[in-house]
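Shared between the two complexes below is chain A, which has chain B as its partner in the first and chain C in the second.
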Partner chain A sequence: MIRYFSSNFSHLILLIGIFIMIIPVWLIFASSTHTALIINTQGLQFFLGDKFLENYTKVLLYEGGFFKEITALKMFLNSFLMATGVAFLSVISSLMTAYVLVYFRVKYATLLFWIIFITILVPLELRIFPTYSVMSTLNLVNSYWGLIIPISASAIATLFFRQFYKTIPDELLESAKLDGANTWRFFIDFLVPLSKTMIVAMFIFMFVFGYNQYLWPILVTSSEQYWTVVMGLKMMSGSIVNKFAFVIMSMIPPVLIIIVLQKYFIKGIFQDK
Partner chain B sequence: MKKVQFKSNYSQYFFLAPQLGILLIFLYWPIIQTFRDAFTMQDAFGFGRQFVWFDNFLFIFDDPAYFIAFKFTIIYSFVITLVTGAIGLLLAVNANNVMHGKSAYKTLLIWPYAIAPAVVGVMANYFFSERFGLLYHLFNDLWGFNWYESVFDSYIYLIIAGSWKQISANFIFFLAGLQAIQKSVIEASIIDCKSSFRRFWTITFPLLMPTTFFLIIINITYAFFDTFGIIDTTTIGAPSGETRTLVYKAYMDGFRGLDLGSAGAQSIMMMLIVLVITIFQFRYIEGKIHYN
Partner chain C sequence: MSFLELNKVTKIYPNGTKAVHETSMNVENGEFMVFVGPSGCGKSTLLRMIAGLEDITEGYINLDGILINKVDPSERDVAMVFQNYALYPHMNVYNNLAYGLKNRGISKEDIEKKVNEAAKLLQISEYLQRKPSMLSGGQRQRVAMGRAIVRNPKIFLFDEPLSNLDAKLRIQMRLEIKKLQQKVGVTSIFVTHDQVEAMTLADRLAVINNGLIEQLGTPIEIYNNPKSMFVAGFIGSPQMNFLEGELKNKTLTSEGFEINNVTSDFNGPVILGIRPEHMSQTDKGLINLSVDLVEQLGSDNLIYGEIKNKKDFCFRCPGSQIIKKGSKLSLNINDNNYYVFDKSNGNRVN
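Let's turn to the complex of A and B:
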């Protein structure tokens, strides 16, 4: 171990960092367990109150939204469907595209590469209205497919799979060919099992990406039935403590996934063995 | 590329179909429409379309609000990159320096990465509300902070809200960069240079250059695009449109003003800016840095 300075100093800096990360969330959480009256008269609370169950069940189960047509529970279901859909679709399509880019002798390989990677320069925010008009032409407004498909072509995930395939030794394909594996067999029996860590990492990455979408769900859902959690936050009516509770609940799914699957996520992104 | 490959065969079309299909229908088709919007103008009733060359672009250059948004976007992305990069690096160096608890620190510092910008914005809202916002009252006592009226104060508000979660991303990448530096290099540097402070800036930091430039691009993209959710849940551009990014302004003009020509022209300007930054990165920066 090589040190630049004393490790006590390092612990102090890190604890300050953790404090800055945790304290805002803690204050909102602690405040969400009080009554609205206390918040309105005394401000944010540091210590827990006794209204935890009451406030959280109220948010989850009672009618919410602008027209009172949706509960937070339904919004969580929508967000979960959207995030899972985006993650599945983008991981599978990227896995297959990267396969062709690396393992096939394609005539227009360079052109194909640029057709895919130039799209990094054009995020959804830059083509939001035309994308919406395409969606309404295809009758996909107010549907789960409408929420999922337009953000499911991830050049970044493709790039990661491509980099990963490139590190696989050539001998793998040589020996697979000797065994008589065709393009399907090689993909399913060799490549996919080898990419397991990367698949998990990209799944997490795209799940969080899908769950955290804000602008696209606002635009593509006029019916409250399809509202997601992140966009619902701003639209939510109700008392201040219910809003606090909703904010806390809204961050639990992605944060939990990152914490629990952290090892795979970091392993995949940085490709360390 | 690989030396051993499959010959071009029909299965490749199957493997390419999902991604290319989505890209063509939901990306290239809208991009073509963006260009059409940018170079045409719709008549008042939305029946006809007229080709107007660069009129939409000339309009946005005539609009003082466009330059205000431009100025804010540049300042905002510069400050966010600097603040989150510096704090992320500080935390990473220290996390790399401790013997015990490294993985616990890592876990406790990376989770804010997963929180949606819009959720961060809603939270920041509570800390900057006039009624019970802790930071609002702290800053108000210090220098009369009032983001509803002062441009500087609204910048401070958005910089704090925008930096908070992005520190985590910078921390993860810097830590990985530090851990990739070979021990022997550091060991050799200890013999040559006794001052740990100088050793860091002359040996370690130059070796982190690839990570640093990668993060600059990540942070700029974040400040350009992802901060939409933060602005829309905090200042909404207040005071008087001073805190709108280019992306936020383009959206507002298209959505509220229904001016798709202007929104299209602004989108194309934004694509050009991103393109220039990307080329700049590949051309000038990638050539000048050390890879270990």
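Let's turn to the complex of A and C:
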């Protein structure tokens, strides 16, 4: 590390950036291993304390909420279900939408695509009441489907897949056709494997997007059973160190998924093979 | 009934481009047919209509006794080799070859047998586990061929498959394709704009110009007996020399010389065509050439020079003859090997 400091100015800049981003997280983590008393009297701590196990187990099994119906563990499960559901559904739907837009003889396919794309300008928060009323008509309020479906159509992912498909040479489709591949087989045997890395990248994007949802879950669930981690951050009562511990834990799933899939993620975004 | 019949086939693209005009032709079973013509003349379009990759605007195509106008490409049982090979980048060579067979519901053992046979024939057995990106251009070319052969289709279609290879490899693959086709005996149509490729590969040749077949015949027929100025200029290398002239009462006057007893009743302005290899040096010959440039190819010399108003007139002589720049040559046409074309429409008149 010393060598980088002295030899490489750009690395220095990057390291400074990393520190700026890491330090607050570290402060919270370090503080979460102390007792509430220390935090309240001496402020945030820079060094680790000895209450790690105690604080964290307490949080995991803590029964939060007004009715004490939910534990942090259950919130993690809810968040996980929601994020995975959103990621799966939006990847599948945008893969297929892009397929239709690029490969089918759709009239005004470009116009249609831009109409889809414009929905980026209309985030869920803007259309939240109509969406709610649709969900309630469908009887999906207070259910996992209600949490997942309204945010599972992604114009961005559609854009990525569409642009990628457009770079695939026509001859590939043509020789697949001559080899007897029908519409469905071309999708499964060619487009899906060819866009594998991009699928992973979009999966991560959408997972994190689903995981971070706050307003919509609040609206569509009234039962504490469906609380997600991000909701819990706000709603949870308890001492300051427990809240800190919960904050730290809430970061683990998205970080984990990025670390595990990082290789594909980078490839997918920059599309090198 | 022929194996493949095209009956007044026309293609008009949605944007109004008329790429193929009422083309009719027959291809016999086992025949190697070559389409040759300049860029944009509609060769690929014709081929793609046979493959089913383009709709047929008008006319009919019969393959093996079946009208295939409305048959889906996947059901036509044709195989095509593309210019850029279009290998499946995410599958290894084995699966590239096997994919078409899998779609036909052939059993695993049979697929393995067929793929191995084809791989052996094309000498790609060692590469079966590699991805296409790990192969050289020539190897990719073989895989593309293998993918066509392994299915044992009714007809092979080749769309300029050699144009991405370097000159040496191209000649080698040309030979291999010809041998392979003779061995497998599958009816083939090969598209190229390289006339040497066309001449060497074809059983029969279709010279296409502006969406029309100008002439159809064996390579040697077309070389010896071109029906039009276009065909005459396109087939043969170096190109035929064209001189302006006037034909009157069987006497042709051109660039400072006369030819008598022309076998034609045509009167009027004509173009005289002489192939560079159809002349030889004599004393007091018909044509006087002042040499500007000599290209020595080893076996042959190509002599370029001027006769009266015509520049870059080409004459071909054996490489043993030493000819210097600036010298004057006197040439005769061998055995009346010249061609006379109507200047107004390019049709042959002698």
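Following the convention adopted for this analysis, the second predicted complex is superposed on the first by the 259 of 273 C-alpha atoms of A that agree within 3 Å, B and C clash if a C-alpha of one lies under 4 Å from a C-alpha of the other, contacts with A are read in each partner's own complex, and residues count from 1 in each chain.
Note that a contact is a pair of C-beta atoms (placed from the backbone, for glycine too) under 8 Å apart; a residue touches a chain by one contact, two chains touch by 3 or more.
Everything numeric in this text was worked out from a predicted model, so none of it was measured.
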Partners on chain A (chain B, chain C) - clash or fit: fit
More chain A residues in contact [chain B versus chain C]: B
Which of chain B and chain C A:Phe46 touches, first, second, both or neither: neither
First, second, both or neither for A:Tyr108, with chain B first and chain C second: neither
First, second, both or neither for A:Ile259, with chain B first and chain C second: first
Which superposed partner A:Lys177 touches (first chain B, second chain C, both, neither): both
Angle at chain A between chain B and chain C, C-alpha centres, nearest 10 degrees: 90
Contacts of A:Gly17 with chain B and chain C, given as first, second, both or neither: first
Chain B versus chain C as contact partner of A:Pro150, first or second or both or neither: first
Smallest separation of CA atoms, chain C relative to chain B, angstrom: 7
Interface residues of chain A shared between complexes with chain B and chain C: 174, 177, 182
Chain A - residues contacting chain B, complex: 1-5, 7, 9-11, 13-14, 17-18, 20-22, 24-25, 27-28, 39-40, 43-44, 89, 92-94, 96-97, 99-100, 102-107, 109, 112, 115-116, 119, 121-123, 125-131, 133-134, 138, 149-150, 152-153, 158, 166, 170, 173-174, 177, 182-184, 186-187, 208, 211-215, 230-231, 233-234, 243-244, 247, 250-251, 254-255, 257-259, 262, 266, 269-270, 272
Contact set on chain A toward chain C in their complex: 169, 171-172, 174-182, 185, 189-190, 193-194, 196, 273
Residue ranges of chain B in contact with chain A within the complex: 1-9, 11-12, 14-16, 18-20, 22-23, 25-27, 29-34, 37, 87, 90-91, 93-95, 97-99, 101, 105-119, 122-123, 126-127, 131-132, 134, 164, 167-168, 171-172, 176, 179-180, 183, 186-187, 190, 196-197, 199-200, 221, 225, 228-229, 232-233, 247, 250-251, 254-255, 260, 263-264, 267, 270-271, 274-275, 278
Chain A-touching residues of chain C, taken from the complex the two chains share: 51-53, 72-76, 78-80, 82, 84, 86, 88-90, 99-100, 103-104, 133, 147, 151
